[in-house]
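Note that the chains are named A, B, C, D and E in the order they appear, and that numbering of residues resets to 1 at the start of each chain.
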Amino acid sequence: MCTDPSQLDQFSWLACYLTTPKHMALYWSVGTVLSLLAITAPAALLFGFGGATSARSRITPLRWFGKGYIAIVRGVPDIAFFLFFVIALDQGFEWIRHQVKCPDWPDPIRQGNDFIVCAAAKMPLGTAPQWVHETYGFFLAVLTFAIVFGAFAANVLYGAMRSVPHAQLETAAAYGMTPRQTFWRILVPQMWVYALPGLGNLWMVLIKATPLLFLLGVEDIVYWARELGGAKTARFTDYPHADWRMWYFFGLLVFYLLFTRVSEVVLDRLMKRLTHGQATVGGEAQRKAA
Amino acid sequence: MPSTPKPTESPVIEIRDLHKRYGDLEVIKGVDVTAHRGDVVSLIGSSGSGKSTLLRCANLLEDSQKGDILFNGEPVRWSGHPRRPADPSQILRIRTNLSMVFQQFNLWAHMTILQNVMEAPVTVLGRDRDEVEAAARSYLDKVGIGDKCDVYPAQLSGGQQQRAAIARALCMEPQALLFDEPTSALDPELEQEVVKVIRELANEGRTMLIVTHDMKMAADVSDHVIFLHQGKIEEEGAPDTLFGAPKSERLQGFLASTMAV
Amino acid sequence: HSVVRMGTEGAYPPYNFINDAGQVDGFERELGDELCKRAELTCEWVTNEWDSIIPNLVSGNYDTIIAGMSITAERDEVIDFTQNYTQPDPSAYLVMAGNEGVALEGAVIAAQTNTIQASFVAEMGATLLEFASPDETIAAVRNGEADAVLADKSFLTPIADEGGDLVMLEREELIGGGVGMGLRESDGELKEKFNAAIQSMKDDGSLNTLIAKWEIGAAF
Amino acid sequence: MSCWETLADYGLRSLGYGERLLPRDELTICQQVVLIGSGMLWNIYFGVLSVIVGFMLATAVALGKASQSALWRKLSEWFIFLFRGSPLFIQFFFAYFLFLSLKSSFPAASVFTSAWSGALVVLILNTAAYSGEIFYGALMSVPKGDIEAADAYGFKGWSKFRKITWPTMLRLAWPAYTNEAIFLFHATTLVFFSGFPARQQQGDALYYASYFADKTFNPFIPYPILAGYFILLTLIIITLFGIVNRRLNRHLPQNDRPRLKLKPRLLR
Amino acid sequence: MPSTPKPTESPVIEIRDLHKRYGDLEVIKGVDVTAHRGDVVSLIGSSGSGKSTLLRCANLLEDSQKGDILFNGEPVRWSGHPRRPADPSQILRIRTNLSMVFQQFNLWAHMTILQNVMEAPVTVLGRDRDEVEAAARSYLDKVGIGDKCDVYPAQLSGGQQQRAAIARALCMEPQALLFDEPTSALDPELEQEVVKVIRELANEGRTMLIVTHDMKMAADVSDHVIFLHQGKIEEEGAPDTLFGAPKSERLQGFLASTMAV
């Protein structure tokens, strides 16, 4: 029924338009973005936790590594990072595989501008179907996001660990807890109250960073919104229209706002649970409201 | 007095010529304390004389600059400059045998009262969770806050927090206990309860160092009383002689106000 | 090469764009598929953002660029090109109807960031206004931020043809060379295959048919 | 051409002084370093101004969100929600359109269609929302004893805030706020990347970095140069904010604080 | 006893049938307290009986659910449901005439001791900075920590913090003072000092509510003693009669432990 759009009335035109395969790709990319976030967030938290713990480690090289990671990665704007890091990361992986799989390869890897590894070392293999390439791209994107946001998370957690009142840790020491036990039983549980606002902010920033996904070769919602919203002449589409980016971006705005709202509600609940019964203004407000 | 020191046994806690300063402020200026098994030693002295600091040094929470600290005859090993305890496993061994009740209680804010009491025995001593819970509840009952097991420290009155802190220390069932003004927030009735508990503990053979402002309590429970003044021991002795016939002028003045009322 | 991966941008009609079905479409899609058939290769299409399209080629993420890329000396230093498959496409100006008399040298001219047109405008001395996407350059003329936009003629033609408020100026600039396929310099074998295929299409006239069909410009 | 000459020619290129045209061919590393550095001036301009103005606005927003008055609370909540809830580039997109349409009715508003003012407004509002939320969170973690004592002594309104709440709030918020300031400086790279048009090839550091990446087809030189500049900038921010942090924490006992004398901390 | 209530003057603090609950837990169950100009009223009672809560309600730091609170005869106006004080300017007027020493001291951690003491008189009362500084130093001297002016609260011993908190309250020179266990961390000598200060204050005509666990102090300074038990007034009266001939069984039991020692 959608074969000749010029014959359709307003509503069915819209219905047809919004269900073109190209729009389906837009809807599909929502899922891509959500799953990226779902995987990246815990991964970044893990990187952050590792970074923060090594930054306060007593082993000097580990501490330097942790602090260097936090300072350097945090120092670079994410766009700049994405513009060259993924290619470097990809080349790094292929280089390692090349060393392992083709140890007696005669040609140099760098030939002029070209970066050439043996066919067996390609990531993914040249014969792999398209979805493998896409999955690999997605994996690289997750890794890059996790490295970048892990540095910020590390900084937040590092600060939170230092916010826990000293008396609380001292008491644990007095009761014979090892530094390790003190860390896991007292410091880590108490630090969340101090860390959550910072982590919450970071999550909000992470959500807003997903439009950068396209720089990493993943076709995200913003890419499709730009693509679909741009002015279309009748020559290349059955559904010509003027510059509709306003509408598509408005849709994106709604999507991001809704998503933020949901995140806020969840974070709020978490914070409520964490401040419950604590001797702070927040805990007090909660008590007075009850 | 429950037990007499046996000279063959080395003292549980021994502090020799301890010195401690905060920056330029010398707070402890050469103090010796000896406490044998089952001994109750009270520290009295005016505010700011260094009593809390002494307890915190004994527990190795503060690094001291000079002097020795021995547990069961084993001296704490130091290293570095400024010196710090050298052997983490030694510190740990000492601390698990030594529980402290802090002047400001320092309950862990993110745990309920029951969790506060159970935490160390379970994680540090590795005791069975169910057994510890039963013990914890009985200690909380003993100090009269058995009904407050599941609330957070911030929801307790001052005296209730102090009692929770005492229960937490007791539940470790340690060889020695350090009490920093354990009855400051308690009414006379509860204070009597605490005194009773201290006597029981002494009978069980536990050693105690108690900082207190309550001369009656000091007279009542101690085997030995130490009067600290500006970081030095001004006078010490059995409670009877110390309170009955104080020699130093400072102590006479200090005690005068107690009697005055 | 078992599979040849063809990298394109997918945002540059009529050369290449994403059609309603979400597939790469356009002049280069048809051309590419035909070339692969003649060279007896299996081909796969991938899209990549313009800014990193060359770095990703030399890094081996795909094997050719077929994305309306003009052959320039700068590019030729980094990658190799096949022979051109279009004639050089002139650039044209688009202005608001009624403003055809504008003196271009003193005007504000919009162009897409980092394009040959942008450099050209900077050099000719007009006030350059750079936007991230071609759509925005057109919008800038509509809302009066810029007096004119300079872009490839084949990109502007369909817009001017709509018969709306925008018209194309007579004046054209010959900036770019013809368009060719980009390949890694180390990939001489593949380059020869595509060169041969392009030559065969030029010879039998099928390339001209395609150029006419997509209104790319002058025929060979 | 020596590197000094390059500096003289292109050092202030981003502001419109020096050579009119950008270098075209035989691009040297020196040219890249100088021009990208020149672009940093814009990033610093946007960052510094929006940190300063945003800080004040954020304080007001945090107070609004904690306020008793439903009107202020709702206003602040919506403000925070709107700006924290949407990506910056969408904010730039809509702001630019808004300023354009304002221009047609009020010609005076036409300054806002240029990046130096229009993007600045967006950045200020954006950081005010993020920092406002951070400050609000810190406000909620102020120990209740401090506030009670202030109440009991009859502190109210501004003096209670200024003297009691604010210093503690700042202390608690500072690590997160430092992060936000860094984010903000990073966000300034979006101004020309996907927001406002660049005039006469006068852009920020990322603008020049991508110019070079496009000319040389080698992302591994200009972007790391850009990264180097930003790492430097970030270290400066961290140092400055660290000084403030030390001042905010000066009341904590020595052993709660980092031992600066024993191990000099170059990094954090 | 320094001053006798003049019936023509309305009481400085009057609490009528006050009720307060935390969630389901009813903590104050109908309490009446009256204190005239120059009166010293002591609140005694076991830990958790609601003494601190009562002081906090009197100061309007906690919202109560029922009952009236009057200052100089002027009742606090309430509004809303659950009720809250209606008039911010009234709250302020009351609080500037009423200083409190908290059980946990609540010194402002980010200010030095001197700043802690000077802050409220300067910012709230708008008094001259130099005058206030002189007054603050003299109050700090009076409580014996004149040498600690420039350190932060975290660097003080417990007793020193408590004295700083007392100095802070005194420096407001208010009509009435609320003391929550003001001598809990003090030795007997300093306690005597505080008793002296309280007497002086009463002579100056200031009204005081004092929560204390120290029966001697209660007997010594008060015009009137109230024995709280589980949120209710179990018995009240002049100290001589209350301590000399307690009528209620609970009070007898409570006092027994004081005497026992």
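Simple rule for what comes next: a contact is a pair of C-beta atoms (placed from the backbone, for glycine too) under 8 Å apart; a residue touches a chain by one contact, two chains touch by 3 or more.
Just so we're on the same page, UniProt names per chain: A = Histidine transport system permease protein HisQ; B, E = Octopine permease ATP-binding protein P; D = Histidine transport system permease protein HisM.
Nothing here was measured: the structure is a model prediction, and the numbers come from that model.
K.L.:
Starting from the defined contact criterion, work out which chains touch subunit B and subunit D both, please.
P.N.:
Correct list: A, E.
K.L.:
Indicate the lowest number of steps between subunit C and subunit E, counting one step per move to a touching chain.
P.N.:
Graph distance in the chain contact network comes out at 2.
K.L.:
Farthest from subunit D in C-alpha centre terms, which chain would that be?
P.N.:
Following the centroid criterion, the farthest chain would be B.
K.L.:
Subunit B to subunit C: how many Å between their CA centres?
P.N.:
Their C-alpha centroids are separated by 83 Å.
K.L.:
Indicate the whole-number Å distance between the mean C-alpha point of subunit A and the mean C-alpha point of subunit E.
P.N.:
Those two chain centres are 55 Å apart.
K.L.:
Just how far, in Å, is the C-alpha centre of subunit D from the one of subunit A?
P.N.:
21
K.L.:
Can you check how far apart subunit C and subunit D are, centre to centre, with Cα atoms defining each centre and the answer in Å?
P.N.:
The mean C-alpha positions of subunit C and subunit D differ by 37 Å.
K.L.:
Which residues belonging to subunit C are in contact with no fewer than two other chains?
P.N.:
Correct list: 51-52, 55, 58, 78-79.
K.L.:
If a residue has to touch 2 or more other chains to count, which residues of subunit D qualify?
P.N.:
143, 145, 193, 210, 213, 217-219, 252-253, 256
K.L.:
Among the residues of subunit A, which ones contact at least 2 other chains?
P.N.:
Residues 83, 87, 113, 193, 245, 279, 283 of subunit A each touch two or more of the other chains.
K.L.:
For subunit B, which residues count as touching subunit E in their complex?
P.N.:
22, 44-48, 52-53, 103-104, 144-145, 155-160, 162-163, 181, 184-192, 213, 215-217, 220, 253-255, 257-258, 260-261
K.L.:
Please name which positions on subunit A make contact with subunit C in the complex.
P.N.:
Listed in rising order, the residues are 20-22, 24-25, 83, 87, 90-91, 94, 111-117, 122, 126-127, 130, 133, 214-215, 217, 219, 226-227, 230-231, 233, 235-239, 243, 245.
K.L.:
Going by the contact rule at the top, pick out the subunit C residues touching subunit A in the complex.
P.N.:
1-3, 5, 10-11, 13-14, 17-23, 25-26, 44, 46-49, 51-52, 55-56, 58-61, 78-79, 133, 135, 138-139, 158-159, 161-162, 184-186
K.L.:
Mind listing the subunit D positions that touch subunit E in their complex?
P.N.:
143, 145-146, 148-156, 159, 163-164, 167-168, 171, 248, 250-253, 256
K.L.:
Which of the residues in subunit B end up touching subunit A in this complex?
P.N.:
It comes out as residues 59, 61, 88, 92, 95-100, 102, 104, 106, 108-111, 119-120, 123-125, 151-155, 168, 172.
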